[in-house]
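Reviewing the structure listed below.
For reference, chains read A, B, C and D in written order, and residue numbers begin at 1 within each chain.
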């Protein structure tokens, strides 16, 4: 359902990825690790088609990067939930409206929006902060809003870029618990992370990005 | 449902970017007031000018031996000409008086008590006959009538007035067009800047899967509303200003209601187009 | 050293916020061109008007029995009056011709071949003596001279011209002041918006320990430069436009170099003050 | 040299800190831990005087929060290096200029700036990215720029808000190594973090913020 065939991509002067191939099946849970600057975020951006490969082809659901029309990209993105590394919350509206926006975009009726947003807010533990503006939230709270927004329209795959970077270990575990639940109900998950502790506690298939390519898939026990 | 949501979003835009919205509206208000005021003044002054100088008068000197019945018959014939608006009899005494008014009280002294003027008819031409050729045609027609001695009209004066009016109109149109052009640019620029200040928001919307239409619509609606509010404020300002001018300098000043219609139409159009084109740049795919 | 750095930062601001800077400059350019063009046209037209109608002419009718030497002595005495610019002899034939010009070619027919006019002197008053009271004083002085029969001047005409000129001046000043006021507002608003779009940058500078002066200075310098560039462009535009107008409609049009000085001064001042006051809001401590 | 006396502060409707006291001595290294939203960032903001307490007093060097004049705040901030949780890089200039800015502010001469900036960039391993704009850097690279900027003018105390949140464990250890070096040369460090692994590897005095107050100082071994 998600496949990358021999992807190469250059950003600025840097060859970020070189001949990368990857396949994620329906309902899989995959970790993506690798040093700072190794290209994890870039790989995720390729999947939600914010950048396009110089060579190779990205296939997501029925869309292919080499044939997709610009006006179809929004529809692809609605099927893919993204937790951005820098959150990307709309600074001009409150927590509730930020999350609701992802549903308004697909034209969901007001009542569905309300119940879905409130339920997902409860799940990430931010029900009481729903009328706050993002810039008044702590780093961890903002991250949880980002998670809630990615979940709210029940995507078939969730791309999580460092979703626990600003969370304390307890909350991080809670979030991972949440992600596993979602995964169990059929949503595939691709999660870029630096938190090896977490991988050890919740082991899944783990890909290592190194020198612009997947050097290997490793066993969680190997992690330093 | 969907439309209602986009409309609400458009209105919410005001709250979300208050400074930007305020400044957009202010720009529209100020620019449109300027355009409106300028147009109004030019319109008023040129109308006044036309009223004062736009009707040509002819002096038709007639045979001093004419009797009253004949004179009235002549008046009737002149009145029937297509170019003529009104005819009035002027006795030699009245002519002398008019000369006195124009050339000072003491013309009589200069003329040593004599009145050299024959009786005459004052003929006022219709507004549409203010051009030189048409005047000349009318003069010929009257001259051809019996008992008409001579027809006099101020050819130089007509030329002069026509010329000044023409220059004035060109200058006013140039200034007006420049004001309009500049205002349009300023409004577009301001809207562009306000949308630029929200480019992060637009970028995030894109990434969350909003279609171009869905992103654009609220901005365009907001632009339209800004245009509407700005032009209503401008209409108010124009109304106030015209009231003041009427009270102090230009007693006859009135605003045709078309002005308000024009201001609102322009404001809405500029707000709409400005935001429509500005946002295009931030939407690649 | 420090100053040099702040200057460099000010210039770097252009590159860092290209759209904002461009639009600021465009606003300044457009507004100042408008102001300049309007002022120039009003200035030119009023100067032309004054040249045409600003000098009062008197007709001094003199004793028909006067001889040439006496007449020249009289001319000399009139010439010596403070109000008088020039004196010229007009024979009865010339007077008749003038009347003919004003009232049509066939005045002679009307007057039945007689010339009723006495000889006269045409007296042109100095520009400073265009007001009604001064004219009347001059008329009295001339009237008191021997061999002067009568002095005639067009009182109504003077009143009319004065009144139209006055109204024209008031209208032009009102429009001009409005344009200036609106332009200032627009420039300030644009600068405010460009600075608003950089409020994150200002906030970060604060947090990194920059003093108010250190944050402000580059913005103010940038504003000043924008004002300078904008006003230079406006000067160029004005020059071009005046060239075009001169070529097609207003042959005598010239721009005093003070205009360019004024435009640059205004541009710099507005850019400087606009950015100085706008940035204040984003600096609490 | 840094003291908080009975600080209470409310933000919006929330009482974030209540009667907090704290003393950090010259050259100390202190960790600050606590759940998401417990007030760690707020406590750091109090120290660099971005917010002021409702009650109580903050003393930093010779400055006191109750008597400081607004125009003196910049001078306090120059003595305190801050690594912001959200980096706060100037988006309109490149990496080099971002770091140089902290020195330009204090009027350092051009040559000092150049050598200091290049040396600190080398220390955080970003020498080769010095002409890149921040938004073109990966999350971890941005974080290292933020660290470099906080270090460059040799502050007497360094406030680090989650400085390793976006870094892989190896780089995180390198950064902590760097911070310990800096600490050894006399700079005090107060570091808010969720990374208990790191605390266990580099143990220092550790404060726990809970319910708006310090519940206790804990032993690194205790950490879950």
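One rule holds in what follows: a contact is a pair of C-beta atoms (placed from the backbone, for glycine too) under 8 Å apart; a residue touches a chain by one contact, two chains touch by 3 or more.
All of these numbers come straight from a predicted model, not from anything done at the bench.
Undergrad: Counting only Cα atoms for the centres, state how far subunit A is from subunit D in Å.
TA: That gives a centre separation of 29 Å.
Undergrad: Could you give the separation in Å between the centres of subunit B and subunit D, each centre being the mean of its C-alpha atoms?
TA: The separation of the two C-alpha centroids amounts to 67 Å.
Undergrad: Could you please state the distance in Å, as a whole number, between where the Cα atoms of subunit B are centred and where those of subunit C are centred?
TA: 23
Undergrad: Show the residues in subunit A shared as contacts by 2 or more other chains, in ascending order.
TA: Residues of subunit A never touch two or more of the other chains.
Undergrad: Where in subunit B do residues touch two or more of the other chains?
TA: none
Undergrad: Graph of touching chains, which shape: line, ring, star, complete, other?
TA: ring
Undergrad: Provide the full list of chain pairs in touch.
TA: Once each pair is checked, the touching ones are A-B, A-D, B-C, C-D.
Undergrad: Could you please specify the touching residues of subunit D with respect to subunit A in the complex?
TA: By the definition above, subunit D touches subunit A via 11-12, 33-37, 40-41, 85-86, 132, 136-141, 143-144, 161-162, 165-172, 194, 196-197, 224.
Undergrad: For the complex, which residues does subunit D have touching subunit C?
TA: Checking each residue of subunit D against subunit C gives 48, 50, 70-71, 73-78, 82, 84, 88-93, 101-102, 104-107, 109, 149.
Undergrad: Could you please specify the touching residues of subunit C with respect to subunit B in the complex?
TA: Per the touch definition, subunit C meets subunit B at residues 19-20, 23, 26-27, 30-31, 33-34, 37-38, 41, 45, 59, 61, 101-104, 106-107, 109-112, 114, 116-118, 149-156, 167, 170-171, 174-175, 178-179, 182, 185-186, 189-190, 192-194, 196-197, 245, 249-250.
Undergrad: Could you please specify the touching residues of subunit B with respect to subunit A in the complex?
TA: Residues 1-2, 5, 12, 16-17, 198, 200-201, 204-212, 214, 284-285.
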